[in-house]
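Consider the two complexes below, in which subunit A is the common component and subunit B and subunit C are the respective partners.
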Partner chain A sequence: MAILDDLKDIIVDILDVQAQEITEESKLVEDLKADSLDIVEMLMQIEDKFGLQIPESTAEDFKTVKDVVDYLEKRLQEK
Partner chain B sequence: MKRRRVVVTGLGVISPVGNDLSAFWDNLIRGKSGVRSIDKFDASQLSTRIAAQVLDFTPENYINRKDARRMDRSVQFACGAARMALEDANLTITDEIAERAGVWIGSGIGGLETMEDQHQNLLNKGPGSVSPFLIPMMISNMAAGQVSIMTGAQGPNGCTVTACATGTNSIGEAFRFIQRDDADIMITGGTEASVTPLGMAGFCAMKAMSTRNDDPAGASRPFDRERDGFVMGEGSGILVLEELEHALNRNARIYGELLGYGATADAYHIVQPEPSGDGAARALALALSDAGKRPEDIDYINAHGTSTEINDAMETMAIKRVWGDYASEVAVSSTKGVTGHMLGAAGAVEFMAAILACYHNLIPPTANYMIPDPACDLDYVPNQARPKLVRAAVSDSLGFGGHNAALVVSKYLG
Partner chain C sequence: MIKTRVTEMLGIRFPLFQGGMAWIATGQLAGAVSSAGGLGIIGSGTADVQWLQREIEAARRLTEHPFGVNLVLTSPHIEENIALVIKEKIPVVTTGAGNPGKYLPLFRDQGIKVMPVVASVALARRLARLGADAIIAEGVESGGHVGEMTTMCLVPMIADVLDIPVIAAGGIADGRGMLAAFALGAEAVQMGTRFICAEECPAHPDYQQKVIKAKDRDTEVCGLTTLYPVRALRNSFVRYYLEQERAGADQEMLRKLGAGKYPEAALGGDIENGSILAGQVSGLVNRVEPAAAIVKDVMETAEALLLNRLGVEQWSE
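Presenting the complex of A and B:
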């Protein structure tokens, strides 16, 4: 679950929430109170951290933490 | 038509000599300089390596961590000072008064540190690495925007940007909003955080700043013959202005009454003041006439007094032009000897000094005044605070671009 942990670190940093509040089911906007600029910043940090580019069209489909984790797992396997 | 009266009911300050009102006032009175060697970045390549920096500022004392991360340092200062000013005024912006409460806070330069950081990202890592918060953090109006978000004030909101006159013009405009019946409460002042590599390099290039690097505490010496330029400061001064009846109805403590505002332009040069002091004199005269005061009604002038050769001589001429025979009687001091030049925040903290002088009958001194200059021959209250009845006081500011502004405050006597 290294990906989830790394993602949690990024979310904690940007959204100022407690790590234990974050689950795979957490919704980025509704539960974690991310706004559009937070999400852009989060994606930038994810790209930095995992060394990949995330197309904007894909990013728009991220609703929950799990969506991001699944996407990252898939991309990292392709690598 | 009867003019609506405007009083000052709250003061908040983040400054190089203290991050609360009592420390700030105490150090002004003691003439204790906040100038020191720059330690927040490597200044070794600069001709001026000193500044009056805000120390021990913790944004989380005033704003939550997530909001603070999205604010430039200049905006964090404004939020901190605004929160203190509202507490000092014992005022909460409730739903009932929200639409009649406005915010007018300027910054001379805006979010310079944010811009520098993100420009570094652009150069080093490319456009995709520029933060989505660059623009909302950098723009000069964001202090006013963020303070409204923090307090819930939904009335008139914006900023006046007039370089070193920003604080004074902002307070003057806020005063007008209440006079015009557009608001009952205005949270107003100025903020600045430009002690950054680019900010310092820019002012160094102009040769506008003191190079007395081996004597930081003695570097800002307004009106002294040995003055050699201003010293950059940073911080924020925020005031709560209130319509008189509104303040009386809630038994607010009243520091003083804001009576007059004058604003003019030199229409002369981008950075040099018009040498006769005509533009500054007209702003001072307009403020007096707006206040219904004569020169002899004023007991204290908190001067712009930047510690540059030209400003201090020109401002002396401007005061003499307006005060005439009474010029030698009025006490004049520049508190920049203590605070350095806080640029867009300068006018706000200096108007506060004028208000407090009036409130406490105590005039803060001009620090570091040692050798008289024939071109500066007024009573500058050298080095020692002076207990004196202050019925009314004036504060003026002069900014690059040729902006001149002045405010008049008096004791509130009912």
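Presenting the complex of A and C:
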């Protein structure tokens, strides 16, 4: 669950929400109130943290925290 | 003679872009700015491909120097307009209204320089990583679509984290603004509002006069509750829109309220019921003059300021 924890840290940092408010089911826009630029900020921090590049087409599909975690798990396994 | 990475990259004489304002940044205006040594930019806005084709031809008749096209990513005609830009071998595009990330590889493959207009550090970093050639950092002072950051804060923050050049936009109308932007880390500036009042700009004369008459506090930001807030000069339309917005009008209603209002003012000259998009620098614009005179004035003022007022003392001694 290290990925989820790292992602939570990033989201907390950007959105100033409490870590316990964030679950895998949380929707980035509707629940966590991220706007499009917050999501860009999140992508940048994820790329920096995990040392990978997320294509724009993939990033457009991120709706929930779980979407991001699943994607990162897959990419990190490939590494 | 001034050289920056931007003038070198584009092969232009002066580091001065004319903003690609929808409908009014035509081939006639862009051609005039480019022949005067700046970078003219045709604003394709939501226009269709026939419009863009015609304006590209118009610009080509006026200048042999490079000019660019601004692409609005939310335009219904974006795909055809991109195809045309590629076919016509336009050397540089600027992009607005969103994130052009997915188009960057396409432009790169075609050798077209891409300079997205950006209002946040994170998006600037992301687009730089995805291959943008330069970033136009636009502050909230600008006319039309606005972000939240001021040019004064945004430009140095973006310049600090990028290796590619930054072009400053928003709040710049003369040589003083240009020099200030250079001090903040920019290597070129983009001006929109002042070029509304270029003789070659087809904005309605009443629209131009409204910009000229405007004072410091005469612009308002409409649509802060929507995804695309815009800055416009206060008039009947803006007052009504803001009343509705403050009363809690929903997104759909606000969208309908604003739809088509800008060309109504810019081309139709209805400056009471249309939307007069213009930046805070309207208060600094005080005449209609040829585009070449604007370019000359900006460069001469910046140069004189640097040489005569700023360049001689050692301030920290």
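As a convention for this text, the second predicted complex is superposed on the first by the 79 of 79 C-alpha atoms of A that agree within 3 Å, B and C clash if a C-alpha of one lies under 4 Å from a C-alpha of the other, contacts with A are read in each partner's own complex, and residues count from 1 in each chain.
What we mean here is this: a contact is a pair of C-beta atoms (placed from the backbone, for glycine too) under 8 Å apart; a residue touches a chain by one contact, two chains touch by 3 or more.
Source: prediction; values computed, not measured.
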Check your understanding: If you stack the two complexes on chain A, which partner ends up touching A:V69: first (subunit B), second (subunit C), both, or neither?
Key -> neither
Exercise for review: Could you say whether A:E56 touches subunit B, subunit C, both of them, or neither, answering first, second, both or neither?
Suggested key: second
Review point. So, does A:L32 touch the first partner subunit B, the second partner subunit C, both, or neither?
Key: neither
**Study point:** First, second, both or neither for A:L15, with subunit B first and subunit C second
**Key:** first
Practice item. Go through the superposed model and pick first if A:M44 touches only subunit B, second if only subunit C, both, or neither. Key: both
Practice item. Overlap the subunit B and subunit C contact sets on subunit A and report the shared residues. Key: 37, 40-41, 44, 47, 53
**Study point:** subunit A residues within the subunit C interface of the complex
**Key:** 36-37, 40-41, 43-44, 47, 53, 56-57, 59-60
Review point. For subunit C, which residues count as touching subunit A in their complex?
Key: 98-99, 101-102, 104, 119-120, 122-123, 125-126, 129-130, 227
Check your understanding: Hey, which residues of subunit A end up touching subunit B in the complex?
Key -> 14-16, 37, 40-41, 44, 47, 53
Review point. Which positions of subunit B touch subunit A when the two form their complex?
Key: 64-66, 69-70, 128-129, 131-133, 136
